[in-house]
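Below, each structure is written out as structure tokens.
After this come two complexes, each holding subunit A, first together with subunit B and then together with subunit C.
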Partner chain A sequence: MRPEGRGPNVVLLSLTLVALAAWLGLDSVSVAANRIVSGTGYRVDEVIGAGGALATSLPWLALAGLAWQPARRHLLLALALVVLMLSALPGWLALSAVFLVDGAQARLGIGAGIWVVLFLLLLVMIELRSRLALTRLLGWALLLPPVLSMGFCLARWLEPLALWQEYRGRSGQFLGAVGEHLLLVGVAVGTSLVLGVLLALAMRRWPGVQKMGFGVLNFLQTIPSIALFGLLLAPLAWLSANVDWLSALGVSGIGWAPALLALVGYSLLPMVRNTFVALEAVDPGVIDAARGMGMSRSQVFRQVRLPLALPVILEGIRITTVQAIGLTAVAALIGAGGLGTFIFQGLGQAAMDMVLLGALPILLLALLVDALLGALTDILRPGGAE
Partner chain B sequence: MIELIHVTKRFGAAVAVDDISLSVARGELCVLVGTSGCGKSTTLRMINRLIEHSEGEIHIDDQQIRAFREETLRRRMGYAIQSTGLFPHWTVARNIGLVPRLLKWPTARIQARVEELMALLGLSMEEFSGKYPHQLSGGQAQRVGVARALAADPDILLMDEPFGALDPITRESLQDELCELQSRLHKTIVFVTHDMDEALRLADHLVVMHQGRIVQQGRPLELLREPADGFVESLLGGEDRGLKEAALLPVSQRMLPLGPRLLARERIGQHASLREALSVMLWRHAERLTVVDDDDMPVGELSLRRLVGARSDE
Partner chain C sequence: MNEIRRWVVPLGWLALLLATTFGMGQLEGLFRWIEADSRQVIYARADFVTLLGRHLLVVSVAAVLAIMLGVGAAIAATRDWGRDFLPLVSQLASIGQTFPPVAVLALAVPVLGFGTLPIIVALLLYGLLPIVRNTLAGLEGIDPGVMEAARGMGMSGGQILRQVELPLAAPVILAGIRTSVTINIATAAIGATVGASNLGDPIISGIVNGNTAYVVQGALLIGLLAISVDSLFSRLPLAGSR
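Take a look at the complex of A and B:
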């Protein structure tokens, strides 16, 4: 075997070369005369000429060179270069806007080339982070310069960016939608956490509940979400028509009520399963010792079983939350609000940028929650113990 | 002192422990030995009420164990098990301090006690107190387990195959340490094992169990010399019994005072077992050994004839 650090880092090298190919070969940006017509795509060389395009490939070649001999010093340089390139991307968009866009109605779209490059650069960053054994926190901090750069460019030059235009047209609505989305997810996950823990405890106590509980929850999980919304429509409409206090609360066949019910239904399975498995999986020897030492039942539960199960339970909360963030998008179909509204409106108007306005924040939210809860799980795992 | 009087345990229709009576005197190390499923662990766990007995009475210092609250009873007894049962999310020091904390000792006293125990078990405070169980070797973890069992200085120690999962060398050294500890602390210990060598080595009082019953109990040598039946005999190793007995007897018991003859070249310590002496003879092709004391000074001699000879001089 070759010693660590010798020989090219194949992952980095191939990611870099593929990204370079995408950068030069795919449409980088597109320009449309107005919101409705589809835009014309431009490759890099069509924006700044062949010479300019060759010049922009220099940092890529430098990155490939660093990956060829991946000593730690080179990898650190590569990381700095990647952060720099990510920060330069908004600048590139700004440059394209200045070169290509004229007319107040014209809009700049982000092309496939940039999306692919963005994705691959982030992969490169992840690879570098793990090679250099950087902490999670530092990894996130490194994303700050690109984000700041994007903010700066948006304020100065990126007026015509289609996504930005869509946002500015409905910024109030957007913030409201984010709020609704988070509220739905929060309430659904919170409710299913409470119900899930209670159910898991009941299952541990009564084996009968366990069999039936998992049967029902597994069944719920197999119903497609849109079908479930449909199924809930009739009974909820009937309830709100016949029960006064429910209709006073705002419960009806469409809106937040069926969405919340469905979300809780879907969230219960991962929540219950993880909580149950986590509590069951605690080493019986440890429990035996705890009781043999004279801990009371509640002491065993609070001081031993629960803390040992906590990382796995948090894992359940993480999975559930990420899943709920995605599912809530579908709930917009039945008028529950949230970011899904933009997706479906955008689809209806064939305005892809509006779809992105809904989809991108959902993606970011999911990633953010994933990272936060992942970090929390790490903190709660003492001494790196399993 | 622990007393079991006609104790029976049933799980449904199955009888796990069948009408056993057993008395463990204060300061005695009692080993329950038998094949798996013979009821030895069940018997142990009935003493601290992890399993409730179905019939009969169990007494601790002349009081029925059911007169105590379960938790109170258990906090009075040390408990060590094969898997150590150390809490993986607690440091070594916190694990050891478990029972004192349950008994609400003041923090300073717990701290002092933990330090004392770690010294007693040969665990350096600065190296180990902050470590987590998964960072320990099997032997170290088991030492921490024993320290935890001793933490509140209980009179009674219950040990359920504590050395069962260790490699032979670590196991033997921990057995020696336990003997050494016991000679200083004089706890009343009930020790469960399926390993007859371990049982013979540790026991003051040896109890052989089979199918939920006690088939024989007594001093290890008594059992070796007069096994009650074929089962006990086979458990004790059948033809191997001579060697097992030799392992229990020290050289000093069979040696003769130094005679006028030249000292034999091969030497053996006076605390070594006859089995070790025999092994030296076989290995060195020697018929005579010089017995030496701890300072390597000759104190006697042992011949092969003496070694295998009459039992009358015991």
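Take a look at the complex of A and C:
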């Protein structure tokens, strides 16, 4: 790695140039007359003319210029510029809506160009964040202006945005689905946390349980999720038909029951593995010292072993939760509800905006949970946050 | 002798997979018992051999592309001329891990349309990440002393890569490929909802029509396929134990 300030920052430069090419070369927005027909794509120069397109490439060139001589001052400027550009993207959508959309039924779609540019700008932010050695928290805070700008533009000018129309058509249903999704994930992760810790403790006591437990859990993990959901259909349907109190509880072959069972089954492996490894990995010297101080067996466990193992256990919770968020989307196929419902309904009706309405929040949810739990792990690690 | 015994388990799974694929019709009695009310209990819209073949084709095309791209990118990012990209590539690989496969698949459809192509692209993108991550970990984890020694012996950069780095990193890289392929076998089944025809078909059709027998047939074959492939990987000479 070259020392800072010597020679151009190749990563930044290439990201910027690729993004500029995508911005000018790909369809930026699309307009459809209504929900059913597929839209016509428009490049930037088709929206505001060649002169305007040239003007929009100025900030990119400035970014490339800053990357050419990456002194710290320049990189900070570049970061500010990127935040500004991200905040301006919703404004660009609003502008396109004014130019292109007429008629109450018409919808404005976000084109490939904008998605690619958005992705590349976020990569630029990651690169700048690590070059400037900014904290993770600050990195997230920098996303606030673009998010606020998006919210403001949605409220004022972006009525024809297809995704937004799709949301407003079923906002109650959407919020319900988010709630269902979170509930399923929460219950599954909570249950598997309790079961996982108990199982890990049993494994520490009886080596036989350990060998068999990991064998079964590893095997379970190999079965594809969609297959496991399907396989639980028959036994649960049979149970609900033959056991009265189960059917009174609402257990049946489809719905939340098989989804929850499968989610817990999948969540157990990472949970047990991390808890077990975390408890085992505590330095025996530390345990000896604690025993030497006259701590009782349970004191050692509660005051020494558990706190030291906590970061790795949390890591297990993070992996499990992120995985469960994705798996719950598949569970919509067996009628468990949640955001996956929009994905599969949308695919069935070939309504792509509806697919996005399901897929984007799932993606955001996974990223958000990952970031939050990651930050929590950092804080709880002995020695605190770095 | 040991050599043979090592392959008994994976070959056993493979034999079971093939036997079930070809002999599904013979199991009609069993499925009749599971699904007593339906007129038809064996999925018949396409035969299972074709479905299995298509499933394998999609997964292997995606896997081959993902291995070439992933290992290539990780090697490039660990060379002297590509080091600048290393932090970005490794961060991208770890962030990408949090993307749920279904969401990736769903996002590929609006861009690429229905059919087999979006599946291959989604599987490729998703399969890339564990491979990149593990290749980076494998290459970065090599003892600097070993590299020093290789350089001291007068080996060129290419020689070091082929004769020292890749062999030493192989177990970790292979573990990444194994994760990638196992996940993709399962994810490809979800592809049946976006119009690709594979072993996910009977499952989706069974769930939609309320025919449990179809679901069991699809799930059984996908499960057997995943277990066969996973156990084949675990027996490869280079594979480290997980």
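Everything that follows uses one rule, which is that the second predicted complex is superposed on the first by the 380 of 386 C-alpha atoms of A that agree within 3 Å, B and C clash if a C-alpha of one lies under 4 Å from a C-alpha of the other, contacts with A are read in each partner's own complex, and residues count from 1 in each chain.
The rule is simple: a contact is a pair of C-beta atoms (placed from the backbone, for glycine too) under 8 Å apart; a residue touches a chain by one contact, two chains touch by 3 or more.
The structure displayed is predicted, hence computed values, not measured ones.
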**Message:** Tell me which touches more residues of subunit A here: subunit C or subunit B.
**Reply:** C
**Request:** Report for A:347: first if it touches subunit B alone, second if subunit C alone, otherwise both or neither.
**Result:** second
**Request:** Determine, under the contact definition given at the top, whether A:288 touches first (subunit B), second (subunit C), both, or neither.
**Result:** first
**Message:** Just to be sure I read the superposition right, which of the two partners does A:308 touch: subunit B = first, subunit C = second, or both, or neither?
**Reply:** first
**Request:** Classify the contacts of A:239 with the two partner chains as first (subunit B alone), second (subunit C alone), both, or neither.
**Result:** neither
**Message:** One more residue to check, A:330. First (subunit B), second (subunit C), both or neither?
**Reply:** second
**Item:** Touching both subunit B and subunit C, residues of subunit A
**Value:** none
**Request:** Within their complex, state which residues of subunit A touch subunit C.
**Result:** 1-2, 9-11, 112, 115, 123, 126-127, 130, 219, 222-228, 230-231, 233-234, 237, 253-254, 322, 325-327, 329-330, 333-334, 340, 343-344, 346-347, 350, 352, 355-356, 358-360, 362-363, 366-367, 370
**Asked** What does subunit A use to touch subunit B in their complex?
**Response** 283, 285-296, 299, 304, 307-308, 382-386
**Asked** Along subunit B, where are the residues that touch subunit A in the complex?
**Response** 45, 48, 50, 70-75, 79, 81-91, 98-99, 102, 131-135, 145, 148, 158
**Contact set on subunit C toward subunit A in their complex** = 34, 83-88, 91-92, 95, 97-103, 106-107, 109-111, 114, 182, 185-187, 189-190, 193-194, 200, 203-204, 206-207, 212, 215-216, 218-220, 222-223, 226-227, 230
